[in-house]
Every structure is written in C-alpha cells, then in structure tokens.
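What follows is chain A paired twice: with chain B in the first complex and chain C in the second.
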Partner chain A sequence: MRSSLGGVWVVFRRELTTVGRTPGYAVLAVGLLVVLGGLVAVGGGGATGFVPAVVDLLLPTEVLVPLLAVVLGYRALYADAASGELAVIRTYPVSAVAYVLGVLLARTVALFALVGGPFALVGAYVWLTAAPDTGIFATHAGVDSPVLFVRFVALVVPFGAAYLSLSAAVSTIATSRRSAVALGVLALLAGILGGDLAVLRSLSAGASPSGIAESIAFTPNGAFRGLVFEHVIGVAFAPEGGFVDTGRAVASLVGWCLLGAAAAVAAVAFGSRVDVAVERLRGRLGR
Partner chain B sequence: MAVFDPDTARSRRVRIAAVGFVALAAVATAGAFAADPSESVPEPVRFDDAVELGLSSETDALMAGDATLPRVQVFYSQLQYVVGYNGVGAFVDSRSDGRTERQFGYPLVAYVETFDHRDPGRTDSGLFSATGAGGWTPVGEARYVVGSDARTPAGEVVVPFRDREAAAAFAADHGGSVVGWEAVRTRSFDVDSAATVRSLAPERWRTATGRLAAAEERADRPVSVVVGEDAPTIDAAVAAAPPNTTVRVPPGTYKENVTVNRSVTIAGAGAGGERGDAGATRVVGNGTGSVITVRAPDVALTGMRIAGTGNETRDPEAARESRDPEGEAWDTNIQLGYGHGDAGIKAVGAPGLVVDDVAIDAGASGLLLREGSHATVRELFVDGTDEWQEGFMGITGMESRVTVTDSRFEGGRDGIYLHRADGSVVRNSTFADNRYGTHLMYTGDALVADNAFRNELFAGVTVMTRPAGNAIVGNDVRGSSAGIQASGTRTYVGHNTLVGNELGFSTSARGSLYEHNVVVDNELGARATTVVPSSRVVANDFVGNDDHAAAGAGALRVWADGDRGNYWEGANVGPHDPGSRAYRPTSPVDAALHREAGAVTVRESPAARLLDRLRGTVPGARSGSIVDPAPATEPYHPDRVDAVTGADAGADGPVRTDWRVASDPDGNATATAEGSA
Partner chain C sequence: MPFRDDFTARETLGFYAALVDGDPDEALAAVGLSDAADKRVADLSGGMRRLLGIAQATLGDPAVVVLDEPTSGLDPEMRERAFRAAARAGDDAAVVVSSHDLDLVDAHADALVVLSRGRVAASGPRERLLAEHGAADVRELYRAVASGSSDRPTTPDGEETGDDADGDATGESVHVTGVSDR
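What follows is the complex of A and B.
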C-alpha cells in the first residue's frame, strides 16, 4: 500500500512539473479570464450581483471549461506512451493504477488552478463592483451572496474534472498526436452536444417529460447545468427546485470521473495485451 | 510550477501549504452549500426609504387628519430595492398575476405595519385612523382584522396587529373577524388599475359633454337688462338684473371692473375672434385687480373680450410664507398664493360658472377659480404674456373642477393649472408657447384628451405630486421640451401623438399604462424613470427618434405585455424572423439600428446574440435598461405615423385618434390584455 501511494506521489509530482513547464496552459487561463471578464463587464450582469453574473457565465462555462479540460487531458496519457516513457516507467514498481491516478490528480490540480483562478478573479470583480444604481432608496442584497458564486465555482471544478478524466481515457487509445486531437475534439462535442441531443431525441420520440430531472443528470453538461440551476440561480426564484435530481447529478459527475480513470487504467494495464491480441487476430485474418 | 524534491524543507512547506489550501477550499465549499442565502432575512427599513407601489398615500382624504393606511414593505429575492405598499390589499393583489414575481423574484420577507397600542379607530368619514408610529412585524406572524367598519379610500381595510389580543379588541369595537396571514393572502381585493382608468376615460368624456350641455342650458336665460339702454354700466346692469336673467351687453368698449353677486348671464355680442373685430364686446379693466369678479353660483359669461387685468400673479404675502424652510405649509401657501392673483375673470366660491366665447388678454391669469368654483369653459381664448415669468396661468383652478373644451391658450405661464381639482376634463383645446400646457397638482381622476400642444417651454402635459387615476389620451404634442410627464399612480397615457419634442414621454407614473402612443422624431422617445418598474408600456410606435428610449437608475424594465410589445423602427432589420429578436433600446447597438446599417453587422455577432439571450433572466437584478422581448413587426398606428411623417406632415392641426371607440368597454375594444400593472 505504502509503495503504491508513493508511486502515485512520484507520478503526480512528475506530471505537475510537466504541466508547469507548458506555458501554453497559462495562456489558456488568461484567455478564459478575458472571455469571462468580458462577458461580465459587457453583459452587465456583474454590475448588480452574483446571480446575474452566473446567469451570464453559465453558457460560456459549459463550452469553455470542457474545452480547457480536454486540452489538459487529450495528451496526458498518450504522450508518455508515444515517447516510450510509459514503457520505461512500467519497469519501475509503479502500477497502472498509480500511474493513471498520479497523472489525473496532477492534471486535476492544474485544472483547478487554471479554471478556478479566472473564476475567482471574476468573482472578486463582481464583489468589488456590484452595487445598486442609486442610493436614494433603501437597498438589500436579495438572495444574492458570494456564497452562491463559491457554489458555482465548486460545481465548475468537478464538471471540468469529468471531462479531463474522459479525455485522458480517450487519449490512451490514440495512436498518433493527430488522432489524439481528433479523439479529444470528438469527446468534447459528444459531451457538450451529444447528451442534450440524446435527451431531446428521447423527448421527441415520446419519452415522458417527468423523467427529465433524472435523465438530464446522466451527461456531465446536464448534471452541471442542473446543479447550477438548482443550487445557484434557482435560489433567486421561488423555492421549488426540481431542475435536476441533485443526488443523481453529483453521482453522475463523480461517476464520469471514475469511469474515465477506470478506462484509462484498463487501457494502460491491458492495452499492450489488447494490441497483441489484435495483431494476432489480424495475422490470422490475413492468412 | 516548482520542481519538488521530497527531501527538502521547502518542499515540505509547500506540501503543508497545499494541504492547508485543499482543506480550506473543502471547508469553504461545504460551507457554501450548507449556508442558505435565502435564510438571511433583512431588517425592516424606514418606509420612506422604500420604493412605493400600489395605492398612493397622497389622496386628499389621507393627507387631512389621522386617516392612515396599513403599510407593507417587501424584500424581493431578485430586487435590490425595498418595495413599499400602501395597504395590505395592494401587496396581496400584486402577487395575484405572477408578473411581480417574474420581475422581482419571490418575497424573501415582508413586514407589515402593526397597530397595537396606536389607538386604531376610524375618522368621522369612516376611514381607518391611528396615531403614532408602529412596529414592523413579518406578515406571517401578524394577526389581521378583516371586515371591520373602517375603510380606506380604496375600499376594504385589513388591519394588522402583532398580538392576537389587540386584534380581538379592535374587532370587538369595530366588527370584523381576526384571521391569519394565510386567509389574507388568499383573499381577493378589488384594487383599481390603470386599465380601469382606461375604461373610464370615454365615460369621463361623456360626462364632460353632459356638463357642457347643462351649462349651455343654464346660460340661456331671458334678457332683463340691456347695458346702455337700461343701465349705464355692466356693473350697474348686473346689480339691477333679477336672478336667472340675462344682462345683454351690446358691441363696444366698456371701461370698468365688474363684480357679479347674483346668478345671471352676462351676454356680450361676441369675442370677435382672436384679433377682436369691430362687432365685439370689450370689457377693459383699469389695470389693477381682476376685471370681472364672480361671487355667486351659476353665473354665465358669454361673447366678450376682456383686457386691462392687473399683473399681480399671486398673493405676495403667501408667496413669502412659502419660502418657509419648514416646507410643511407649502401646499397651503401655493393655494393661498396661486389663488389670489389678478385675472380676467376671477371666481370665488362660485360653482356652476359658465364661460363661453370669451377672449382674455391676460397680464396675470385669464380665468382664476377658487373655493369650489366648478366651471365649464367653451371657446375661451387666453392670450398670455410673451415671457412666462411675467404672466400667469390661462386657467388657474384651485379646488375647482373645470370642464374645458374648444379653447386656446397662448403664452403666459401654464395654459391650465389645476390644484386639487379632481374630475376635471380638458379636451379639444389648443395650447401654444406656454411653460406647461396643462399642469395638474394633487389632481386625480381627470381627463386630458384630444388637445394640441405646440412649442411648450417645459412640457405639454405634466402631472406633479402623486394623484391617481388620471387619463391623458389622444393629445398631440409637438416642438416642446417634453410631451407628457405624468407622475402619480394608475395613470392612463394612451393614444397620444408626440412629435419633434426633446422628450416624448416619461414613465414617471407608477402602476400605470402607457399604450398606443405614436412617438416620432423626438430627440428621446421615452424615458423610464421610476426605480422599480410597475407600469406597462405596450403597443406604442417609436419612429425616427434620435434615441427611442432611455432608462434611469433601477431594475430592468420589460416593455411588453406577454408576447405583445411595442413597435420600434429598426428593431427588425437584419436576417432573422421579424419579431423574434428582443429589442433593447438602451443598448448602444440596438439604439443605432434605425440609424446605422452597420449596427446590424454587430448585432448578428455571436457575442451580441449570446448577450441578447441572457438579458431578461433575473430581471429584478439587472439595472438601468429596457428590453422589449417581442417587438412588433408593423406600427400599431401606421395612419398616425404617416400623418406626421408623410407629405402632410407640415399640417399644424392635431392628429385625431379613435381612442374613444378603442377604449370604451362597451365598444369594439382592442385586444389589449387586462389586469393590473
């Protein structure tokens, strides 16, 4: 046990160093900050409080955070495999589980910094600038509160982590850098559009709308959006809720993270054997 | 990112810091979800600091004496401003149609004013009264007395108490039963709305027609005395004439000041048109005081031209008092001051006055009415001073209801100034070069209809203070600083044509309805002023204004009624389904759509489209702007728009509308949604 934890720690540190030596990631974070800041400044939502700011940020968040996560993840496992470093690492007492966990944890920490930083800055900006137009009348904050923004950011991180984990898993089956990009984009599109399209399709095919709160929770985007409505924006509306099944949505986000990790572990652990099996199959068919 | 060497002290510090940070983030996150922001309940504020909605507290009945209204202050989840309601019914009613909740969110907490130990009772006239200042109690904790014998000017009063015993004591004295908030919340209250005012406007027009007909009948009396034949002067003739007869005044010039102490008709040969031709009867005063002073009921003055008024515009004593820094007596001083100047015709305590075919060259007021001198006025022409500071009002009505038709007011201070003249009607008249055309103070339930206003220095129609139930309909205001600026509550501003002004209209009146106005070629079409939106602005046509609309401080205004919006020139340019894109006259891009084709290119950008989608959610928490979610594809009144922009645009005559047919509940009413605003 001690050695496997040590393995995770070693891989984690190594991976964190790799991320730290890639300045492109910092540029991405700056880009995210520019988009978020611009939306809050031009959209006007940030001028009055956190809830309108979250409303303005929700849609871009749903697109940009997965994008950033995929960028962080699409070569995470492929790069080592392609360069042969993975084969070298596997000669040390580092299990596939430890290796994948170490990489994913390091990348998640990077995601936390790259996504959380810009959001925190935007939140601070709203906190400093949001104020009523006029002081003639008595004012109050309504339900608006920094707590709601903290909730929002706390939901953004597992949402991004799910995409990171999935894109890392997908990257294990990439055979070239180009295919890694293609697979990453595919995972991105499938995640952002696919799940919601599937729900729409099932509804138009006659599925009962009463099941939406549950079915929407299955996709990362649906789960994230539902949780934001339920626990951030919905607070400003009459306390009814029911935008999403909270338990199911949280389980979904955690589940996608674990699924990605498990798939990656499987691919790292058994990938070479599968390759051998595939080659053998191909050889047989060829003959 | 640092390179870690697990064996150095620095690495250990970093590790400890990282663990600390993770722990902190975890605690903060858990805390954020554990805390319920909707549970932090704000404390009540001073009612004067709340933004008032609902019934106005400035009705005559309430301002005099101890009468009061139980008040409510509400903190809405999405609105930064505290909203105050006069009367529990106004708050309950506001929750009935869901519109308030869509705009402001749900009430986080509502406090009601309670009347324990405040000597609650009723005035002689049956209005609810109390003394002292009360505490504020959350609505759910208070007990309420319903069905008691006390009333408010609006009808039933619900009287809140903190203690059940106090409520029971009040119910024992004044009847009614004690109930909890649930019972009050589900009660339906008969709260008048601006839509009620709209439906009453045609009725007010008919009432005015009736008053005018009755006046004509009243003035038609047999001739008893002829000036020049039976008496040397008008004054002597009036003194000699028996009541209910006519004093005939043949053409000519009569240099005298007349006092009328009995109910007679003084009939001249005619005012001689605006310039005064040879066949006119002229009454010329000595340049001080009023030319004709009326102190008897049912006097009629017809067919004469009046000149030689004094130029004292008000009582200098009272005017001095009104500078009293206390300000308490302002209203009284205005009445004293404004009601005591010189005039062509001055009526004091003279109800039933009839003025018909009279022209006045006014150094101060033309017609001054005081102390219940309810008057009907037809074909009055007042030629005021060239500089408004030197003269006074065409008609000054103090606590005197006027009915004016087919008259003309040029120059001077205000065309018609009414102070506590509820139920007045001003119609079919022309106003030019005044300070304000028609100016109402503390005057409610009035009708200002089908008038033309030209080149007014401050505004065509202005309503100050906070009266209720005025209808401003079918007027045509051009070339003025402002078209219509009406404050107050439950005001109906409809079917007006506002062209070439600096400002078309402002939405200062609360809980009001602004519809079917044609707003063309103004520098600014409309200005949203009240901080908390409570009015409906729908089915207006905005064409050719430099800016269609602007908004002052406050929550987002949604100018539409369901899926029915306003017509904004330029709103539908660009490649999209007409009417499908929300229009925001306060956004710099949308505001330029009708002037700059390039604005379309910006508007179709993904960024602009994305932002478009976001406006309108949590409206109460957004500020300083106007959105019309469903802009109309065609003008609602193309005929009126054509009339002021087309080939005949130079014509000076007012644009006529069919509002009496459109607004009449009995007629073919237009498909305008009903309900309170």
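What follows is the complex of A and C.
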C-alpha cells in the first residue's frame, strides 16, 4: 500500500464485505420497502403521482432513514475498537483519516443501496400506475414528474449520510454494545426531535416566524425537509419557493457529515492518548 | 485474536497484506495454515487463531515482532507450532516473546529478560545468564531468579519494600521474555 487513498480503498473493501455479509441489513431494506409501499398505498396508491407520493413519504422518511443510518453507523467504528482489531490496524501504515473515511464511505454506499433500492421500487410502482401526465419529464410549475421523485431520493442520500456520520462518531465513545445502542438512540432522538423542538422553543420565546427559513436549515431534518419543499413539492405547488435557503441547507447537510467524520477521526487518532492521560490522572489521584 | 469472525483466514490476512504489499498465502504457509486458508476465523481453533495472529504480525517484513503470551491456553503441539512460527519470523526480524512457557523459551530464545514484580531481575544472552546463575536451563534460571527476588521483594517502581520477606515472588510475579537474535 503506497498512498492514503490506497488505505481508504483497502478499508472500504473490507467494510463493504462485512456489511454485505450481514443479513440483518437486507431485512431492514425489505422492511423499509414494505413500510414505504404501504404508506403510498394508504395515501391513494401510485395513481396519485410522484409529488403526492413524496408528500406521503416525507415525514416517515425523516424518521426511517435516520433510523437505518444509525443502525448502519452505531457500531461502525465501535466494533473494531471493542474487539481490539483497531489497535492492530493502527500498527499498519493506515492513517486515522484513511481508516475512518474507508469505513464511512463503505457504510454510505451500503446506506445508498439499502435506502435507494426501496425508494426506487416505490418510484417504479408510481411510474407504472400513475396517471398519464406524470410521465412528463418536466419540472416546471404544476406538472408532476419522475424527475421530482429522483430529486427527492437524491436528497435522501446526504440526509442519511449526515446521520450515519454522526452515529459513527458517537459510536467511538461507546464502551459496550449496550452503550453504543443507547448513544445511537440518543443521537437519533436528538436529531429528529431536537431541531424542531428548538425552533418551537425559539418561537414561543418570541422569535420572529420569518426567521424559521434560516434557522431550520441548521439541523439535518430541517435542512432535508426545507430542500424537499423547495425543490420537489414546491416546484409543483409553490414555485415562488422561500421554504429554506438552498445553499445554507446543503451546507448544513454537508457540514453535519464532515463534523461527524472529523469527530470520528479525532477519536480514532487521539482516543488512546486520552485513555493514557486519564489513567495517569487516576493513578496520581489514587496515590 | 481480534479478527472478524465472518472473514476467512486468507481474507483476514489479505486485508493486512494489502496495507503493506505482503503476500497472505505466503504468510499462511509460513505458520502452517495453508490448508485452513478458506476457513472462517470463527471456525478456527484457538491455536489456529494464534497462528493466524503470528502470521499477521509478520506481514510486511517488520523489523521487530512482539508476541505477548502467544502460547497461553494452547495444547502442547500448538504451543510448539506457535513458537516455531515465531522462530521462523526471527530469520528476518527481532522477535520479542513474553511467555511463561519456559521450556519453549529455553528451546528458541537467544536472549532473555526476566521480569520480577515489574522490574528487570536478569537480562542478557541465554548462555551467559545460565552460566552466571549456575543453571542448566531456563527453568532453573527462573527458579534461581525467583528465589533471589523473594529474598529481596521490590515494589513495581523498583523500591525495596523491606517487609513481606516471605512474599511469593514466583508464579505470575516473575515473567520471562525471550528475544531472538536478528
């Protein structure tokens, strides 16, 4: 192995192989497909079109995709650390950055497959059963289109990646499988509910409602929801937009991904030194 | 060994070999695990896992290989295989083995470090240490050093305690480290 990129690739392949051999993930994807299909069916079936389907799926997506991402990420970095294999890997010429990137990229590809597959099948179902005008490849106002559904799925990926990255980062501080689960659930609840509750709290404290479009973009859920309204649902029904600042929302999702990755790299790179410092401190205090 | 259970022995070494441009099949052959290359790590015996660990530690021609109790919990045949594998690694690297298996240390180590209660009680080339303590083998050397240590018990920091003159300095408190010549 000669370059950092080579290290990322080697770790990536190993991680993707591990995910591929975990049948539980495929079961989750099937479960997601059943839930998404059921929701579209209950909402009037595929005949209603792509945008109505997105409206039906938006709220469940805000819960289910983070859930799947956390399931994929909560042990991503903890597993090697707990088994002791991370200590072995760190004796090889692979940096903390290359290791974390390899793991996260592999898990993100897996997330893309596990989430993208069910959404693509639901999209195909709508395509096959929707009214004739939904087959028009146009995105101007008032016209339903498969392109809008593709946009929705494209937004789901960075949304899920943000949760995956954050849950993987949180997993680095777990000390047991149980605590990894607890921390993952905590991250999930904080992400799904925390942002909206903070906005509600600020409104009740007297903040101006006109500021919601700005503040909502700071959380992963708010950014995702705003982008879906701005570039999927709003295209057909409210072309004037104004739901969210697109640049800010995209930067928010990318920022959460990078924040999680950076925290994970720091934990992998310096975690053992922190442990040594803590043990030294405990030793001194114990004397 | 902390390897992923679902991976085969070859896949496990393949991952590490890819990081250092090593040859996983060659490493497996060196420890006698060629026939088990396609077995999952979960299906390997404890001894085979230990051999897989030794193979992993020697990938990429490292200058130093450190093995901590590579034979603990193994049957006699596997212990011999593990030490032979470590000795073969010593052809190209300095191998440091921490062990309580004194017969195997005696058979394979070129230099010895005897640790007693956290400090070095004796160290040097095997032949010289045996001569200095009038011992025929490492087991006798161990007894000589252990009894010497029990006469003068020390703290882990090397300070003489002055009490507990009957303290048990044998067993786990005395540790032997074998070092190969490079």
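The rule is short, and it goes like this: the second predicted complex is superposed on the first by the 268 of 287 C-alpha atoms of A that agree within 3 Å, B and C clash if a C-alpha of one lies under 4 Å from a C-alpha of the other, contacts with A are read in each partner's own complex, and residues count from 1 in each chain.
Keep this in mind: a residue touches a chain if its C-beta (ideal position, glycine included) is under 8 Å from a C-beta of that chain, and two chains touch if they have at least 3 such contacts.
Owing to the predicted nature of the structure, the values given are computational and were not obtained by experimental measurement.
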{"item": "Partner chain(s) touched by A:T48 [first = chain B, second = chain C, both, neither]", "value": "first"}
{"item": "Touching partner for A:F237 - first (chain B), second (chain C), both, neither", "value": "first"}
{"item": "Touched partner set for A:G7, first chain B, second chain C, both or neither", "value": "second"}
{"item": "Touched partner set for A:L121, first chain B, second chain C, both or neither", "value": "neither"}
{"item": "Partner chain in contact with A:G84 - chain B first, chain C second, else both or neither", "value": "second"}
{"item": "Touching partner for A:L148 - first (chain B), second (chain C), both, neither", "value": "first"}
{"item": "Greater residue coverage of chain A in the superposed arrangement, chain B or chain C", "value": "B"}
{"item": "First (chain B), second (chain C), both or neither touched by A:R21", "value": "both"}
{"item": "First, second, both or neither for A:P93, with chain B first and chain C second", "value": "second"}
{"item": "Touching both chain B and chain C, residues of chain A", "value": "13, 17, 21"}
{"item": "List of chain A residues in touch with chain B within their complex", "value": "9, 13, 16-17, 19-21, 39, 42-45, 47-49, 51-52, 55-56, 59-60, 132-134, 136-145, 147-148, 150-151, 154, 231, 233, 235-239"}
{"item": "Residues on chain B engaged by chain A in the complex (per definition of touch)", "value": "1-4, 6, 28-29, 31-33, 35, 37-38, 40, 42, 45-46, 49-51, 75-82, 101, 105-106, 108, 531, 552-554, 607, 610-611, 613-615, 617-618, 620-625"}
{"item": "Touch list for chain A against partner chain C, complex", "value": "1-2, 6-7, 10, 13-14, 17-18, 21, 83-85, 87-89, 92-94"}
{"item": "Contact set on chain C toward chain A in their complex", "value": "2-4, 6-7, 11, 15-16, 18-21, 56, 60"}
